[in-house]
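Down below are the structures I want you to see.
Heads up, the next two complexes both have chain A, just with different partners, chain B and then chain C.
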Partner chain A sequence: MRARSEQLITAIVSGARSRRSRFREERITMAHGAGGKASQSLIEGLLLPALADEQLERLADAGTIELAGRLAALTSDSFVVKPISFPGGSIGTLAVNGTVNDLAVSGARPLAMTLSLILEEGLEASVLGEEIEAVARAARHAGVRVIAGDTKVVERGQADRMYICTSGLGLVDERCRASPSALQAGDLIAVSGPVGAHGTAVMLAREQFALEGDIESDTCSLWPAVDALLESAGGELHGMRDATRGGLASVLNELARASGVGVLVRERDVPVLEPVAGACELLGIDPMYVANEGVLAAFIAPAAAERALGALRSVPGCEQAALIGEVTAAEPGMVLVETSFGGRRVMDLLAGDPLPRIC
Partner chain B sequence: MKLVSEFRDAELGRALRHEILALIEPDREYRLMEICGGHTHTIYRYGIDELLPEQVRLIHGPGCPVCVLPMGRVDDAVALACEQDVIFTCFGDMLRVPGSDGSLLDARARGADVRVVYSPLDALALARRTPERQIVFLAIGFETTAPSTALTLLRARAEGITNLSCMCSHVLIEPPLRALLDSPEMTIDGFIGPGHVASVIGADAFAFIPREYGRGIVVSGFEPLDVLQSIQMLLAQLAQGRCEAEIQYSRAVSREGNRRAHDAMEEVFQVRESFEWRGLGEIPLSGLAISEAYAELDAERRWSVPGRRVADPVECQCGEVLRGVLRPWECRVFGTACTPERPIGTCMVSPEGACAAYYSFGRYRRGEVQA
Partner chain C sequence: MRARSEQLITAIVSGARSRRSRFREERITMAHGAGGKASQSLIEGLLLPALADEQLERLADAGTIELAGRLAALTSDSFVVKPISFPGGSIGTLAVNGTVNDLAVSGARPLAMTLSLILEEGLEASVLGEEIEAVARAARHAGVRVIAGDTKVVERGQADRMYICTSGLGLVDERCRASPSALQAGDLIAVSGPVGAHGTAVMLAREQFALEGDIESDTCSLWPAVDALLESAGGELHGMRDATRGGLASVLNELARASGVGVLVRERDVPVLEPVAGACELLGIDPMYVANEGVLAAFIAPAAAERALGALRSVPGCEQAALIGEVTAAEPGMVLVETSFGGRRVMDLLAGDPLPRIC
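== the complex of A and B ==
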């Protein structure tokens, strides 16, 4: 009797969760930018209804549009990270890699991008110079051209040093069949490397916690990883997404919801670097929710999964890629974790914002 | 990390599970209450409830410091946050707790300067750095966090810092436990005791539970093996007809507690005649205020706060959840009107709250999902 009514409640709650979120806030709070449930309600409840476009409705990392018989992918991103430089990267590197990665996980080879700068009055010219150098270096490394840009300056105090807005253009690879809604029960889930390094590195760089650690951001272009996955798995690669804001947990939730499937993750198989795990433990944060800037999750049909994992591991920077779980038919829209202790629990979207302005 | 991972060993967990199974009488139900929200979090975070036989029912107690704050208290905090020149500081958990006219997060979106700190010492450092502003620290928590508030205020006085003050909402653990044990609804067979509180006040402070109420208690650590072992120790007490205050968390807890922490609290705080608890109502001698000797560091004396008593929303059943009468999902608004992103009750806010822990970690149809 008890078990049945608990099941009834969970069914009601699952029903409520699967419906499109409404937006009922009076003001924007930091939670709306955190990539969790509040962001979801802002996007689904305010932005999508007003803009009403079927490409936008897919909630993919990039929209696609047919141009002269080829499928082009277009994406847009903005960067407000604080502080602007941190071990392993800076706002300039993030701006390029973040843009390129949105294209890459949409199956598109990055071609070109734009760069808009919003600068605070008083910003040191040397800092700006370094960041533009960082953009140039990252763009060369990722094989993408910066072909247009814009510059605005605002009064002191109206922005925090510098913000960067970009758009990115790429051509969808003909080998790619992946989409956020194409996950199938039985698919195995791969991550391209250890999770949680970027967010932890930025957090420690803020020197807010009296903690020090030898942790570098993972920011990098994911196109080589995507290329390897497409080459090894082709149409058997059903979905992929880079695990940025909200971390791996949020990405798994987004795709489970978009595809109407369940996800089961084995906590002990998810790679986390020891210093990252230690810092997160001390701060009471789960690394699964910490932002990455160079890690993707891929959903691959079981027959191709081992092959794809091998290909992924041969890509420099992805040596620690791992299979971490599977897509299930039970509990659509829900992500469950088998804990390292042997129990099981839900891994939901976050309601609040543990770490604002991480990218 | 080595230190921590040893207490999460799945192999040892399975061994303990077998010991627990051996202690269970098949036809009996065991109702064990974990007093502390930290334990509630561990139980759901590691899926411990799933490892236990069905007869062992874990009941979530009133030991989540955020959950027990009444709405009127949140309104007082919002009022202080909106005072001119104030930088209001608190732990992150408090930001989303709903008052009768919004939360501290809403106050921040309307222009109040509300900042998250990780320790009262962060508020003190902010006061040093920003002498032109008034820094208010919202102090919450049981005897666990009260010593750090006390030491911060002692240091502020020693340094002659005048722009720091404290809105003291610290509470004591014994009065609500007595209220629970005295209640006619009381059906608990044993208690998992709060390890962090006990590290300050000592395990002997819980000896009244076996002595006066005939229920056992095991003071527990916060890793999954700690909690499982404490459950095993409680079941052993029941199986052997013993009833004691035992310590599982011996690496941190003594019988006597921490004298220095106790002295600092004595100096800085005085016990309130009465304090309102969410769901439990007014409980005499259950809250701490800033003592007369430190009156100039008391935010409630520096500014006037509304101090109104605000009834909980009618649909909210946090009270029954906090008393262990209802399980989280038995509340009539659980997961529908009340969710972590739009909480009605406090239990849905803090990750240590029973409802939030169950919503975030425990809410799936057990048995239907097989790995």
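== the complex of A and C ==
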């Protein structure tokens, strides 16, 4: 459901290109956790019907609920990254930043989170200690409190060292009018930094490739970036989303579908760090589909776009933010890429999973 | 941390019998997830120092945070029960009721929850479908909305079919004055129903014992029971807690320690269903230490105790609620049992884990 059920549901309801997926498979495969078409069919075809038939509300990365007269956002996430540490971060860092970012791109200032541990029997206590320290550091850095927790232990061979499940609670910022279904033709699209670093760093750490160049995960809290966007663009910020599983390509597809609009991306304007581009080429993967853990895409009305870009670039870590394309009225639900050679091609959701367990 | 870190911390702070546990082991064992002394040492000796040193707040089953002028409770839980279904319930039922109950015994009316799935590659889609239906049914029954979710898939052999992680959000009821550290000498102790059924049902389902007698899990939402207690006893309800991992014995120990009081339990007054007592005898386990998923212990000022018991018994499923003992000033932090033969013995926290993975 991290595959963005919110806009999937919106799409179902609005009927924009609404060929609702059916779940026909007998067994769960790795692809169902990857954020592409298979994930979508699991969510739309199996999870949502069961819950929705019961009059339950939409499943979303951050659901909202009115609480004491204010709109609170509640999010939930599991982290199963393999290996648990990699250049630039570890499962503990990801757990905090991933949670905080789900709230942030929902326009909610993160306030509190919980930490649920599933530990494999035999895990080294020192490793657990390091990850809890990583959680503490990341939480302090993101300004979020860890206020509750849970610990379970399962037998050897019933987990892969450790999994971390979190929830996050925030209050939706009153400046925020953004929504996955509010994109408008003409909006300009910004990304907050270079794409593809996180997934590439994890992949290289896993596979022990002997590649040159230090590639570090981009994992960080996106609240400062969101805060800058809200302050500079206010109601002209129409949509935002962090480009996690499935990468920037998936996020653009999801929001195009949710809003019933088209998206045109200029490939040459999408920032990709040189070592990341090189590694992706060697690995045979497209950085547009590689997960990020500290990059968001924002959709801004043209009048406010340059101002918002300036504000974004003033946020530490977002110096390379860029405008990469625009929202169009043509081809609703479709993402087109203008390649460096001037041609155009469709950039669809992936069917399967090029990089499993990167978060 | 489901081993009740809240009162552990209170105990550390208050110094009541405060031999603060140290974590000296090199590796995590099954006992660290069982809710007894080993869990306590993991929480106190490893998890809390890392987080507390970083100025983070206490880890508790339900943490509280002020939100828009009201006190909100946020809880977190992971479910790794084995097998995933058993007489009277399944992992989906447990996930909802366990979450709702952590809020309820914190005095918070459950409002919303999230659902995070960790699925093992190869899981039958039909099994997943059944569990999502079970979640939907239990949530509807408990009056709680499922508002966000997440799905991860891990490779075959890296999980045991499926794990469910949840969070729950509620508002603390304004009638509630109960706290783990507020027990007073003279308080009477009530349990909301017979103890030991859940853990026994899971154990029998797992081991394929050919025992007579249908033993079903007690899993249910405890909010109606808490609501009845709050309504009947108000501020005279000094403490309450659901008797999950480690059973009634562990809960009594935890609260005795947190409040710096003694507890005296009359063994003959503790309700245990006849088939549960028989199965426990055969398995060589004490029902006082067996997990429940729909039983709470409440600590009530004497003047309100009979009224509260009457109110509790009027709640469907709590007809066998009983007063089982009292809080004493003697032996702070210690739980004594008056046996059926008239003798007294200490009922301590267990060091290890008689029944792993029952929730």
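Simple rule for what comes next: the second predicted complex is superposed on the first by the 327 of 359 C-alpha atoms of A that agree within 3 Å, B and C clash if a C-alpha of one lies under 4 Å from a C-alpha of the other, contacts with A are read in each partner's own complex, and residues count from 1 in each chain.
Note that a contact is a pair of C-beta atoms (placed from the backbone, for glycine too) under 8 Å apart; a residue touches a chain by one contact, two chains touch by 3 or more.
No experiment lies behind these values; they were computed from the predicted model shown.
Asker: Report for A:Glu281: first if it touches chain B alone, second if chain C alone, otherwise both or neither.
Answerer: It touches chain B, and chain C stays clear.
Asker: Please indicate which partner A:Glu120 is in contact with in the superposed arrangement: first for chain B, second for chain C, both, or neither.
Answerer: In the superposition, A:Glu120 contacts chain C only.
Asker: Can A:Glu331 be said to touch chain B (first), chain C (second), both, or neither?
Answerer: So A:Glu331 only meets chain B here.
Asker: Now for A:Ser314: first (chain B), second (chain C), both, or neither, which partner does it touch?
Answerer: A:Ser314 contacts neither chain B nor chain C.
Asker: State whether A:Val146 touches chain B only (first), chain C only (second), both chains, or neither.
Answerer: Second partner only, chain C.
Asker: For the three-chain arrangement built by superposition, which of chain B and chain C touches the greater number of chain A residues?
Answerer: C
Asker: When the two structures are overlaid on chain A, which partner does A:Ile28 contact: first (chain B), second (chain C), both, or neither?
Answerer: Both chain B and chain C are touched by A:Ile28.
Asker: Across the two complexes, what residues of chain A are contacted by chain B and by chain C?
Answerer: Correct list for chain A: 3, 5, 26-31.
Asker: Okay, in this complex, where on chain C does chain A touch?
Answerer: Of all residues in chain C, those touching chain A are 1-3, 5, 23, 25-34, 39, 42-43, 46-47, 50-51, 53-65, 67-70, 72, 74-80, 111-112, 114-126, 128-129, 132-133, 135-137, 139-140, 145-155, 157-160, 163, 165-167, 169, 171, 356-357.
Asker: How about chain B: which of its residues touch chain A in the complex?
Answerer: Going through chain B, the ones touching chain A are 1, 4, 8, 10, 13-14, 44-51, 92, 95-96, 105-106, 108-110, 118, 224, 327, 329-330, 334-336, 339-341, 359-366, 368-369, 371.
Asker: Which part of chain A faces chain B closely enough to touch in the complex?
Answerer: 3, 5-7, 9-13, 16, 26-31, 36-38, 41, 208-209, 262, 264, 274, 277-278, 281, 328, 330-331, 334, 336, 338-348, 351-352, 354
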